[in-house]
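What follows is a pair of complexes built around chain A, which joins chain B in one and chain C in the other.
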Partner chain A sequence: MTDTVSPTTTGAPAPEATGRSRRVDSDWVRRNGVFVALALLLLFNLVFTDNFATEGTLRLQLVQVAPVLIVALGMALVIGTEGIDLSVGAVMALAAALIPLYIGYGTGLAIGISLLAGVVVGLIAGVLVAHVGVQPIVATLGLMVAGRGVANLFGGQIKSIRDEGFRELGTGSILGIPYVVAIAAVIAVIVGLVVRRTTYGRQLVAIGGNKLAAELAGLPVKRVLVTTYVVSGLLAAMAGILLAARSQASDPTKLGLLMELSAITAVVIGGTPLSGGQVRILGTVAGALLMQLITATLIFHNIQDSWAQIVQAVIVIAAVYVQLGRGTTRKSRTT
Partner chain B sequence: MSTTEVDPATTNSPEAAMASRARFAALVQRQGAFAIFVLVMVVASFSFDSFLSRGNLTGIAVQASFLAMLALGMTFVIMTGGIDLSVGSVFALGGVLAAWGSQHGTLVAFALPLGVCGFIGLVQGLVIARGGLPPFIVTLAGLLFARGLLLLLTDEGAKTYKVPAGSAFRKLAQNDLLGIPYPVLLVVLFFAIGALVLHRTSYGASVLAIGGQEDAAELMGLPVARTKVLTYVASALLAGFGGIMIASYTSSGVTILGVGLELEAIAAVVLGGTLLTGGAGTILGSLIGVLLLQVIKNVINQVGSLDSDWQAVVSGTILLGVVTLQRWLTRAERT
Partner chain C sequence: MTSTTFSAWKTLAVAATASLALAGCTNSGDDSASDQPAGDDKQVVKESEASGPGCTLDKYGATKLDLKGAVVGFSQSEPDTAAFRAAETASIKSAAKDAGVKKLIVTNANAELPKQIADIQDMLNQGVQMLIVAPVNSDGLDPALAAAKQKGVPVLTIDRKVTNTSCSDYVAFLGSDFYDQGVRAADAMNEATGGEGKVAILLGSSGNNVTDERNAGFKEQVEKEYPDLEIVVEQTANFARDEGQTVTEQLLQSNPDITAIYAHNDEMALGAVTAVSAAGKDPGEDIKIVSIDGTRNAVQGIVDGDINAVIESNPRFGPLAFETMTKFYAGEEIPEDVIIEDDEYTSENAEQDLSKAF
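After this line comes the complex of A and B, so read on.
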């Protein structure tokens, strides 16, 4: 099940030529590389990592990846429109910073206000991008800087959150699955369905593919763009709330720091090109899991943080290079 | 909108109104940051007695000099239509290498960081220009790589190398000429060279042509790949040199520096009127952008009752305000 159509498969079924089969192979790698890599790394850990296949270890991995995944899902939509959202980390901090201020009035209200803050930041980003025409990277960069500042103003220093319902959200589980993981899984399914089955999803992909054509075809480009940034802000706020619930504290200076980069990495490794026009939700899920598993593998084998970062850098480049196997033929290669 | 300075021959003709409006738009695009900078300076000098004192102004200039080095390289990168997210990490790495190198002589303190940082820039440039990978992803990986290398060198960030007391290397950033600190003089010198390179060399012309339209530049026979590689090398070298300056200034290789500095550099460049779409920009504008950000920091620090977190809020808001204004005016120019 793929949501993209590649030129090699739409053409008339030519007799098996050597060049063509190689093209198909590289295309297959581009599409499924992230799943293969994930499977290989899982296999490696099953064989070489002690106590890897235990419930505790796997559960911890999933709990840790959940917030990144939630943010990455929103990011995938934004990148699908040929945009980028650098404000997600700051939105997480802002959402978490608001929780201790309003938790006294009820858990639901506090969460609602936090989510609303995410929506507001997303709305500002969307209006700047869609209506004013500011480049996504600049608009969300400004919001990232300002948002982190506002989060610090609200939150000040680290605040612990004492609330039974909130604690339950972060640490409880349903049918043995932690709430955090269940929420991330449900969101992934919803976003996946929205991209494939709804008008909004198809419009989003069309806008990312060719904005001018989408506009000429009469698609509501501005509305779709604004909605997309609002969704990204909302999901980032949700991730921030879940992180705060897990640690039962909010630390506006640190929470969500560099999250925008992790989310973008997960999306790109998952096969969604930065040039827009495609959204690969399953790939994004696999990308987030892969990055989490790489970090975890390096920790399991006592490899220092320094090497972990260097390895991640190499993997990101390699992943994008593989995916561009086709992209370089589109654009004349410079000699 | 009526205008006051129209040519009498074409009074009231829509072309004339449009032309003068376009001129006004271009002026704001280029000088918007400068106007705000002057405004902030004037207000600050009336509000705080000590603001215009020699010590305070020198402090602002020295503090701004490190970011200025990064912003200069970033200006060229953005003018080619690219982006360099690695400069913050490369800056920190350069500082650590310089501090370590200074224990083996002043020459090593310069050669080692410039060599390593230049090499990182070279690899990034080659992967971007020859491999055709998106600059955003490549330099994101570069950010991780340089940070990883830094942690590796410093025992996971636990070790701070000191510049030996009495080392000539300390003079670089701690001494002054006729009362002007060396870092400030170096920034002025480098920006002058940068402006000359941009406007008087074929390399500079290539940079602007590539950013304007890469395909056209290639068809014209311009050395697109070489120009891009050179630009990323220059950006990394300038970031590394900024690191050398801060190592000399603080007499040590501080490992926690530079996080998020790449975004500050991008903000300064955008504030200065360089378009992120490439093809246009001013070197002087970037310097003004850097100074504006630094003056805002200084002013907010002077207001004792204000939390320093306001600095981020104000910087982000001004960035968004300026780009919104730029967009509105350039749109007015086109219609």
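After this line comes the complex of A and C, so read on.
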């Protein structure tokens, strides 16, 4: 399946006749660079890294990337609307903090309440952005700070969670596929279909492409925006629950810390422009996998953490540079 | 959409955000996390390490003060959601009560240096007569220390040493010897493994003196005493449980022959226990685990057979801090470094000493 959706009516300005091939090249890199990089890094590891080409190692990468990917999928939708959701890490912490409080009443109920918390935070973000008119970065920044505060208040110190059903969710598997991985894969497919095949998906992309035009065309802009932030909150809560299930503990101060940055990184290096109007789901999956593989590669080769951070930063900057490639080629022609 | 529902949405959103924000605020500076028992493991000074030239009241230039009825300030560095910090704050509070101080003002810098400087200046303005400071960082507290000096308020630093001049910028330092903790962790690792094994190290946060010293102590002791303990890999897990788990998961794949893990703190060790179990191995048996801190969860881990040994880093600074300052005001000489004696938990004493864990 191709996973790029561009607004047909509200698209970018028509390409100029000259310099077209160079622009196409940089556009190709933006769209497919992440897949090439992922394939190369995978190949490198399979050939040169000891103990990498084992079922256990490959499975582990999928297990570890699953929560990041789930958050990134929600983030991709938000970024598609030309928004951003900085509250996802705090939502994860909040969702995880609620688990030990309600697990005594049943695994399902505790998970339900945690998901609901994600929906509520998403709803607040969506209403602030769509109805009150607060800038997404400001609205979700506020929720990021407040959300973690509430998580600390509910959760306090790190708590171990001892519940058989919850343990099974984090460590069990179905047909040899860990639940965590299966859930992430199903969500990726659903989000991909929603973006491509539903009215909501097309409206979302249209709004991100040109909000004013979408409003004038009579699209339900506010409803779509609120829905998008709710979905992002819901997915973040789900990721928080899965992380807590995997560690069988909930740590409101540290769980999901900096997750907003990991998710944005996965989306951006996956080729979704921060300027909205496009959602690339397959690219986001590849972006999340690439970041995971980089982390694993550095650990497998016992490279210091500081270097790992530098490498990640370089990749993000490179990805953003490629996104801006259009503008820079045009500039370089005129000078 | 009508304008009525619109403004209703608006009100709802604003009210909800405000309540979230308010709820978030109440977490700082209160004592919600400190109500739990601090245990009864009183700190003891290691006599041999009371070092450096002594500091007296005259030399420091402070005026005599009776702690009974005094106003004392405590600047905590990091949030009380960490077990170590909660126990430390609780200990200072209860010791202050025992010493009969009139008022103890407690602030929490939430790991931010600028906030700690502001906190200390605030407390000075509120008229504190003595300060106990758990520094956020070894460097950078100069403005706060200068302000205290100007007001003639003595400062005792605990658990992390500052690089300023003792008996001038501050009275003395009260804390553990992190290097020695690392050395003792190596000894415990030797006991647990029988002196032979491939060791992975889970490092604390980079650029942190606790990480550096706990690592140097361990590695130098291993090099010197235990030639058959081979350190095969070291990776940071930032003192966090979830990172301890994810990094250990990777290490077990990249180095399947690992037989032991040394974690710079208990949280990372507990994460390692989860990772080792998930990999189908028996933590404490197939993979020996040694860590530092002495939290309740980790000592329970020894009782359960998942962790082999924990070197204690005692957070209960309260009694010794007030004892030290009482001596200081009585004109006695206080050494620059008052180093405390830390205990050790192994399978032999973990069960009976569980109540001492924090």
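Note that in this section the second predicted complex is superposed on the first by the 303 of 335 C-alpha atoms of A that agree within 3 Å, B and C clash if a C-alpha of one lies under 4 Å from a C-alpha of the other, contacts with A are read in each partner's own complex, and residues count from 1 in each chain.
We adopt the following convention: contacts are C-beta pairs under 8 Å (C-beta built on N, C-alpha and C of every residue); 3 or more make two chains touch, one makes a residue touch a chain.
Bear in mind that the values here come from a model prediction, so they are computed numbers and not experimental data.
Considered on the superposed chain A, chain B and chain C are sterically incompatible, since they clash.
In the superposed pair of complexes, A:128 makes contact with chain B and with chain C alike. Once the two complexes are laid over each other on the shared chain, residue contacts for A:313 go to chain B alone; chain C is not touched. By the document's definition of touching, both partners, chain B and chain C, reach A:153.
When the two complexes are overlaid on their common chain A, residue A:137 makes contact with chain B while staying clear of chain C. When the two structures are aligned on the shared chain, A:57 is found in touch with chain C, with no touch to chain B. In the superposition on chain A, contact of A:246 is made with chain C only, not with chain B.
Judged by the touch definition given at the top, the superposed model places A:72 against neither chain B nor chain C. Of the two partner chains, chain B and chain C are each touched by A:145. Using the contact criterion defined above for the overlaid structures, shared-chain residue A:204 touches neither chain B nor chain C, since it reaches no partner.
The clash between chain B and chain C in the overlaid arrangement falls on one stretch of those listed (129-137, 309-317 or 327-335), that is 309-317.
Overlap of the chain B and chain C contact sets on chain A: residues 128, 132, 142-143, 145-150, 152-153, 304-306. Against chain A, the residues of chain B that register as touching in their complex are 83, 127, 129-134, 136-138, 140-145, 147-152, 156, 215, 218, 224-225, 263, 266-267, 270, 276-277, 307, 309-317, 319-320, 323-324, 327-328, 331.
Residues 84, 86, 128, 132-135, 137-139, 141-150, 152-153, 261, 264-265, 268, 274-275, 304-310, 312-314, 316-317, 320-321, 324, 327-328, 331-335 of chain A are the ones touching chain B in the complex. Per the touch definition, chain A reaches chain C in the complex via residues 49-52, 54, 56-57, 60, 64, 120, 124, 127-128, 131-132, 142-143, 145-150, 152-153, 155-158, 160, 171, 222, 243, 246-249, 251-255, 295-296, 299-300, 302, 304-306. Across the complex, chain A is touched by residues 1, 6, 9-10, 12-14, 16-17, 20-21, 23-27, 32-33, 79, 81-83, 86, 203, 206, 233-236, 240-242, 245-247, 249-251, 253-256, 267, 270-271, 274, 278-279, 297 of chain C.
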